[in-house]
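Same chain, two partners: chain A is paired with chain B first, then with chain C.
Up next, the complex of A and B:
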């Protein structure tokens, strides 16, 4: 039987691994729990909120079954939850925490400080629309809200990538050149609660990949007389922020290295920043992050069948925003449609967050494709084939200079 | 969620036929919370069984159904494909557009299902493709189920997964819920459903793959053989286009953003009225029958019903509004008169009409009707009951709306 493997799925054929992997049927959330198990996380701060809470449930089950050994603390709310893992990280514990939607917001103070203190906590954000109104479906505004604060941010697409990225997240976050927290975002429902076939490497492989978490002389310990985060004034804050800026500027290289090493080991995650699909001869490209890539590729195949030269590019890391890659890769197309599964009311042209960032990235570039914004999929609304057709039509029209506006909401009931 | 099950790489169970690129979907319609584990085991079993044949797949619950509520219908899905490209069309979706097999693990849902995840009542076979199969766990015969199942304009198959009748507190003889409404009984229901899939849709997974799953999960050859035996016992009933129930249910039209009120405001129900669209009756596996002869008008059922399903009859007794009743059986619990309120199998009824009119026009007929449901009539209690004073009057009967009854005796 021939199994057609689309180009975006890295196969193991070209890189024979030296080890066997166990294949399990897991939700994206469970895949992350397995990553935490193999990364030998020391402490998990837990507080339930749908849809990330599938991770904490899976971790709790593993601990109860004796498969995982770590501190598991259920806080009384997300604020305490995120505070406690921040402090645990400061005393040298490899920490994990997670939340969704307004739960993530409840921890905002701790989230800001975690980055400020340069603590490599790894968090899962099970992306969920912000209440009110209550909706469990995916929107990206929860995670995106912290984009200025110094967190590394990645969006994953499949259960496999959720596993791989969670492992890589520790590698990058804990690298002495970086030492920044990392948010791994998983789309609510479509990834958090959807079971995919996931390959899990043996523990030794992950242990080999991940050095021990070492805070060096920043370890908060009685034998190391330091004070963390004393009160400051205008004399100090600029320099503190500058250090954070420098760390974030060093992150892209560290990310590239980590992905290269992971790819050598497992044959997966060859692409660190931008994953392209059917873009070789494309005139037009649709761009998005997270599980939008799944209907995105389906849409691209349908458009290709109609003879259109169109591809899909998935952005994997949002912070640091890979501006160089983005400009180099996307600059060669005639028209680019940036899909935002988020909103940014009142922003320039009333566009979404990604649109605004992509435009900023391209401002100085001599090669600037026509660029439109598609806002859709809010609250977890699916992207349909009809949506795909509409997106493409708009992109074509925009590229031909026929459109007056460049920000379009699709799938809206009028 | 269940523990992840290790599955090996492609096994010797290749079916040997050259396969073109294709995908297939299976849904499990179940009663929320009670049957959650059962549904999860079935959908995962489909994917993991097909995996043994080299197929890929995904399994997921219908996201909008959660958080689940006791007994409210919910769905679980498995999509299996020959390759990742085929599978991709089914990813990042809430439910498949259609299914090859629909597995219903509580037969009372054949009347139609209303859930958190969608609006209004939907036919149980809504997603079944032409030539596809509806698999129902039941102790009833296919013809009896077809009285409740909505007609389709094309032919499909109905398979009843046979069950022994469970006697006991929650599933008395002859009642619904073969698979056990209360916990995962581990009574092989999941395996029987997988075997049924192999029988009607071997292109999804074969019997051998199912038996491998049974073996892996139970390590018990006796159960493997029991599953194999079911395969031969399964009878496939061909259903003609137009065969089934013709009852229609209102469909809800969603408004556009310009028609909706601002500030996330929605209209609420006025006091004394019932929601015209969301009825809740499809949560029910049993319904309460009232013996109007022996009711002493104590008002407890009316008072304790969590959904205010009782209305006052002209005699001051109380009757059930079956459109609203979810079958929680609190009324049966609180009624002080022996066998005055009795929960009976929901599948025996074709509609949600109030029953007092039947009693009013033909009391003897109504008494026989109660007896047919195995309810003792207690004639010795009737005299005293008829002499009890009414607490409420319903001046406007039959009321078109749920009206607040007038308390007799005025201010006292």
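Up next, the complex of A and C:
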């Protein structure tokens, strides 16, 4: 498959627009709430856990102020929270839900069946480290745990992208070619609770972009006497799972279409899958997802000042994993350092989840750069300039064939 | 798909059924299931569907009535049916009812009365999903009915004990062995009593038994017409789990009530009313039968000694002598305590 790769350094230069946007100072969570308001979400299932619940607080305030009309149900636990939106989605209601860390795990059963049922619920995961021991800060293992189940999964970096991605998430999830739930991940604290200037388009623009939610002949309604999710056993399960697989395989094209349309409309989000920074002449690239891109760009600029040819690439969608595009783009570098804000204990190389996925993506590629794994930033620990220097040193040494191991935990105190 | 804009009003009939001759002829739960011979839970499903009629959606949680009842290509459900997870009957009912309500309010769906019914077994309702049912019953703004069909074990997974299994019963998790005759020493949880006592915003809560079919169907209709969250707990004799001749299901259901082990009652408008045989026992018009008549017909109690029968009888007697309401609220109140006190006069407020 040949992919037309856009220019490597992303330009988000706004196109001339035919409408005025409101510019507000919003946290990532509040930005998502504005997207839900404009998407005319019908039902929200809430349950408190930090840090994702900031989005639910923002939605509640909008409802209380009459700015949004939706059912707002506070469940008695995440399992019920995710179950109730699943069933609301089945009767035709556009649904929103979310959680963080162990809360996301408490809902795991409901999360699994939502994908099995092909119901396009959109969820916000405010990424948080799992217990035990407790930590409020970000780690990606919560959301990543569902990676095999048929959820579309995207990680965003800024408040603006949180808004844009939440709108796009409904477009992709509800597309008849896809019909899969979508998790929009926002790094706990770094994005859920930090403020950004966010441009909010008028309602008509979002309405123009986002068609009405239509389940078609799968609507759970007395006029449509169907039996949903009967016991199929070995007779049919393989065929039904294969349909989910086909839906996920169709998703990349649908995502590309949605981003193209959104970019035409707003001048934002030109790159659907991978966003690059200072990579045009680079020999080395550091790769990560979520808010890691912010310190990542600073690190790259510092290294550039020292004369190193290094850039940063941010993965925007984890499921579907854009393997073709990743190989095409990253294959041109000499050394690639995959930064994981997560772990996958006992996995091949004992590395992180992203590292394992990236390596798998490159297996059939004729162009295989040196690839190492950096694990760090767990529990919300920040990446420092010194960390950046260490990452680059490791990457340089690995590329020169001087390292025996390819997985490196960074900033670990002895 | 095209939806009807105004379904005929006669499709929703929640009026009271006076006699068995008035029971609707049309079935909405038909052949296609593969439940055991003598399965009362399948009869419960049939009664629910018959009483509710065609403008109904049914959510069924995992259990016998999912696995044995709803196989691909042979669904017995004429009305739309959807699976929900084992502990999710409460949240399924809540989510579907809330979804319909908001879509109708926003004009995205034609405004009509759609019955939302979710069911679960005793494993799904009395054990795993009790929290979700409890939460659902606090949502006075939504209209739905949750039905717990209680066959007193995890009957679908091989007859394991649940919180709703009676004291001393043999299950695959509580066999009667050479060293320990009785493994299951917990008394059956009073699930409907706990729910009726703790949920002042529930519009309707009742118990039932398929041996009293008309009573049950009327309770289904009352629950659906109550205008808020409703719950019915049905005791379902289970030949496979209770070890008895399948032709005796109806008789065992009756005996459960005649011995006072199970009670028939309903709560409407914050008032509990005892029904049928339970009412007759409570008012002295009928005499409670000894529990042995019920227990001795079931293989799960075959290991019972005189001592066990006596203990069981004593505990059931307590339900009728010490409980505040026979078989309903599982505690009494200090003698002489006035049960109701007058509201303060307007001048005192």
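Basically, the second predicted complex is superposed on the first by the 400 of 414 C-alpha atoms of A that agree within 3 Å, B and C clash if a C-alpha of one lies under 4 Å from a C-alpha of the other, contacts with A are read in each partner's own complex, and residues count from 1 in each chain.
One rule holds in what follows: a contact is a pair of C-beta atoms (placed from the backbone, for glycine too) under 8 Å apart; a residue touches a chain by one contact, two chains touch by 3 or more.
As the structure is a prediction and not an experimental result, all values here were calculated from the model.
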Side-by-side fit of chain B and chain C on chain A, or clash
fit
By the touch definition at the top of the document, which applies to A:217: first (chain B), second (chain C), both, or neither?
second
Figure out whether A:53 sits in contact with chain B (first) or chain C (second), or with both, or with neither.
neither
Looking at the overlay, what does A:387 touch: chain B (first), chain C (second), both, or neither?
neither
For A:79 in the superposed arrangement: first (chain B), second (chain C), both or neither?
second
Contacts of A:24 with chain B and chain C, given as first, second, both or neither:
first
Go through the superposed model and pick first if A:229 touches only chain B, second if only chain C, both, or neither.
second
Considering only the touch criterion stated at the top, classify A:175 as touching first (chain B), second (chain C), both, or neither.
neither
Once aligned on A, the angle formed at the Cα centre of chain A by those of chain B and chain C, in degrees rounded to the nearest 10, is 90
Examine A:137 and indicate which partner it touches, taking first as chain B and second as chain C; both and neither are also allowed.
first
Minimum Cα separation, chain B versus chain C, post-superposition (Å)?
26
Indicate the residue numbers of chain A shared between its chain B interface and its chain C interface, in ascending order.
none
State the interface residues of chain B toward chain A in the complex, per the touch definition above.
1, 3-9, 14, 18-19, 21, 44, 47-48, 51, 54, 56-61, 63-64, 66-67, 82-85, 88-89, 91-94, 254-258, 264
Can you check the complex and tell me which residues of chain A touch chain B?
1-6, 9, 22-27, 30, 50, 54, 57-58, 61, 65, 132-133, 136-137, 187-190, 193-197, 291-292, 294-295, 297-298, 301, 380, 382-383, 412-414
In the complex with chain C, residue positions of chain A that touch it
40, 42-43, 45, 69-71, 73, 75-77, 79-81, 83-93, 95, 109-110, 113, 212, 216-217, 219-233, 235-236
Give every residue of chain C touching chain A within the complex, in rising order.
1-4, 7, 54-57, 59, 66-67, 70-73, 75, 77-85, 87-88, 90-92, 94-96, 98-103, 105-106, 108-109, 114, 131-132, 134-135, 139
